[in-house]
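The structures considered in this document are given below.
The following pair of complexes shares a single chain, chain A, combined with chain B in the former and chain C in the latter.
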Partner chain A sequence: MLKRSVSQAGDDAWLVYEQIILAALDEGQIDLAKSVLFILDTRFKDSQRVKRLSGLVMEALGHTDEAQTLYTEMLEKDATNVLASKRLIALLKSQGQIPLAIRELVTYLDTHGNDFEAWLELSHLYLSQHLYPQAAFCLEEVILQQPANHYFHLHYAELQYTMGNLDVALKEYLRVVELSTDNVRGFYGVKLTADRLMTESKKGKSSGNKKDQQSNRMDNVPQQATLERLSELATERLVSVYNRASDTSKKTAEKWLKE
Partner chain B sequence: MTEYTISLQAYAKAVLHCAKYPWATVHGLFLAEKKDGKVRMVDAIPLAHNWTQLTPMFDVALQQAQVYAKTKGWSIGGYYVAYEDTETTQLSASGTLLARAVSAGSEGVVAFVIDAKKLGPGSAQPGLVPYLNVDSQWKEQSGAFSGAKSKGGAATFVLENNRVLASTLKLVAERADIGIHDFDEHLDDVTLDWLQNNALSERIRTA
Partner chain C sequence: MSGLVESTEQAMFLDPAIRDWVLFPITVIMVLVGVFRHQLTILMTGEPPKPDIKDIRQGKALMRGQLLAQNNSYISAPAFVERKKYLCEAYEEGKYLKNKAAKDQSAANLMADPKNMEVMMDGMKKQMMGIVPQTLIMGWIQFFFSGFILIKLPFPLGVRFKQMLQSGIMTPNMDVRWVSSLSWYFINLFGLRGVFSLILGGENSADGTRDMTAMSTMGAMGQQAGQPQDYNKQFLSMKDTLSIVYHEWDLENIEQRVFVKYGKQARLFKSSRK
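Moving on to the complex of A and B:
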């Protein structure tokens, strides 16, 4: 059946073969993948695309050293080979060699700086190594390329909050709620950051302690009045959304919102 | 020396949370009932399976969980985490920070790393590695649940009864994990009850 449908496909057959290999690998049918790979290898000698597929088969068989050698060779011949780069990075990542994976991904991004998904991947790799400022830089690149996507602003807001930059976090959370409707995470974020900024600036003012005032190093903190109105807005939107919630969550959320 | 008991509800929910998101790092809280110097983990509140190193929603969830616990006369007794990398049972740097945040609101909080290797049918012990906060450092209590006194003799850990492991395996096999909803899911759909997971609790009770 396979042979019949493939001969009907004509030149598209080669694409189908490639997909069969990928599907077979996903399903663990490595022998099938190998036999189809042989067909492609016979037709397309010395093809980068076929080489990458054979690398995938090696990975599936657990021959990671062979695969790594293959990808490295491909990159030595052509440093801009996208297929080889991505496979090498994925391989290093699966082996837990995160610092090396980061190095390779940075090299890849030097040439392919408009691949925002790669920047996102790099951000996650940095995060796993607790390198927060580097992760933030990568997310900024993603946002530059995808400015209307609220998900990335949300990710960036949460990272900035984690880093203690509440003023930036608040700004980004506001962007999130601007770009999407009644975004619960967004409004929780607005309320959380606005409330904390209000508390911290009160602390800074009431203690005559210079150290406390200096520790409030954030540059773009809005005025108290603005913070209060933002907090109220977030509360109002959350209450409205929670009207649909189940009892326990609703009661608990409302208690939290009132504090 | 404190005696910690882990109930079926707490253990099963934590394991089901992992089962629902096997590719991700997941974490959550344990609710504790304290009586006569003994601590019983009565339930689990699953928190997140995404962006688990980022803290804002964790802060919101923790505060709400504390409000909820108080209404039942309980406290937040534990923090559990299962890492994406199943080889490690070491509490990570961010795990330490989060466990410390949980400790700020309660006394005697225990951090648990879930040991994926001990979750299968062949395991005679629960897949939980407890960490106690001793002198501002989280120390692993190796050998906990083995019946012997844990290293340092600071605490003993037991499961509620000898059916906990079998019941949990059964629930996982029955795909009961579909019924668990964490705070991440709640943020996408506020009608989901992340604090109690009532329907699942009932199913666990009758397992």
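Moving on to the complex of A and C:
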């Protein structure tokens, strides 16, 4: 029966085979992946796409060096092969050679500057090396290309919060809750940032010197009243969201909000 | 006189041999040539020419500038200025150009690029393949069957169809319903598209009419497609575009927008007006 459905699928079957290999590798069924790879290999000789799949199988078997030479060969043959260069970077990442992977990814992005997923990956790599400004730059590129995805804004906001740019962080958190209604992570961010900005500006008032520093660094801080209103709004929305949620998470949230 | 014409028309009968040896062969041959052409096109169009990695880099660099000019409001002012400065400098220096040495050369020299020649040759080949068989069939029909009446349509038609259905026959008084051999060829040429898409699938290259349209638009298209793009000029114009972009951060009044969205404020800028 399987044979019949394969013949019915016609040329679409090859795409399914590719997916089967990837799924089998995810599941750790390397024998299955190998047998399907054999079918593809006999049909498409010298195909770059099949070669990349066989590279994947090699990686799964732990032959990383062989896979690496295979990818390098593929790239020598055709320098525009996106799949191979991506695999090479992923291989370096999995081997823990993060600085090397970053360098490769930067060269890749120099050519393929419109691959926002690669920018995202680069920002993750930079983050793992605690290079926050670089990661922020990458996320800005991602946002430039995908401005409507609130997840990237959230990411960027959290990064800015970590870097201490509370004004930008607040704005970005607000963007998140604007794009995605009642986004819990976004409202937590709004509340945290607004509260921190309020306490810091209070501190700044007590000592004039510090205030100068603050106003120098952050020129986008909203007025005190607005901050208070934002904090209130965040509390209100969070409470209403958690009222719909289960009891335990509700209690935890209430406890945090009262503090 | 008119009665005579009518009676001759009524009395006109076609030899069944014409149907068997002219009408069917023309149709069958046209279908076969279409199928043959489709297979030949598949055979002859090899891999599309692979772009060089530097070509890609060139194009993507331009796209990045466009993106920045378009979506500038989504990033903060310092981030925007940083990018603008970098891209403008890069464009000015020709950092992303495929061959920096040829930066100042004119576009005409780019024609020497072998890849461009290859692309042009490919287009020529395809067009020739469309034109040659059709010309041959038409020549064959005109040579052997000129003046033949092949078929009588089962429905009456106005006089205006005479030119369409009886090309190659100079009889002003014949009923429009009779179709001449050359006209049968044209009807097949335009009418077989449905048959081809049935036999060969939707995306086939057997259809002859596409070549007709290709031929008529060749004059206009050929110049645009054939001429390589001068990236240096495009980079410089993109630089100008970028340098006059007025940056406005979209998040400037985000607080108000969020208040409005969650019903804390009736309208935008209400508080600022008070």
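Everything that follows uses one rule, which is that the second predicted complex is superposed on the first by the 193 of 259 C-alpha atoms of A that agree within 3 Å, B and C clash if a C-alpha of one lies under 4 Å from a C-alpha of the other, contacts with A are read in each partner's own complex, and residues count from 1 in each chain.
Methods note: a residue touches a chain if its C-beta (ideal position, glycine included) is under 8 Å from a C-beta of that chain, and two chains touch if they have at least 3 such contacts.
Predicted model, so just to flag it, every value in this text is computed and none were measured.
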| item | value |
| --- | --- |
| Which of chain B and chain C A:188 touches, first, second, both or neither | first |
| Partner chain in contact with A:110 - chain B first, chain C second, else both or neither | second |
| Partner chain in contact with A:155 - chain B first, chain C second, else both or neither | first |
| Contacts of A:140 with chain B and chain C, given as first, second, both or neither | second |
| Touching both chain C and chain B, counted on chain A across the two superposed complexes | none |
| Chain B contact footprint on chain A (complex, rising order) | 96, 127, 130, 155, 157-159, 161-162, 169, 184-185, 188-189, 192-193, 241-242, 244-246, 248-250, 252-253, 255-256 |
| Parts of chain A lying in touch with chain C, wherever the complex brings them together | 78-80, 110-114, 137, 140, 143-145, 147, 168, 171-172, 174-175, 177-178, 181, 220, 222, 226, 229-230, 233, 237 |
| For the chain C and chain A complex, residues of the former touching the latter | 50-53, 56-57, 60-61, 63-64, 67-68, 71, 74-76, 79, 83, 250-251, 254-255, 257-259, 261-262, 264 |
| Residues of chain B that touch chain A when the two form their complex | 51, 53-57, 59-60, 63-64, 67-68, 71, 85, 87, 93-94, 186-188, 190-196 |
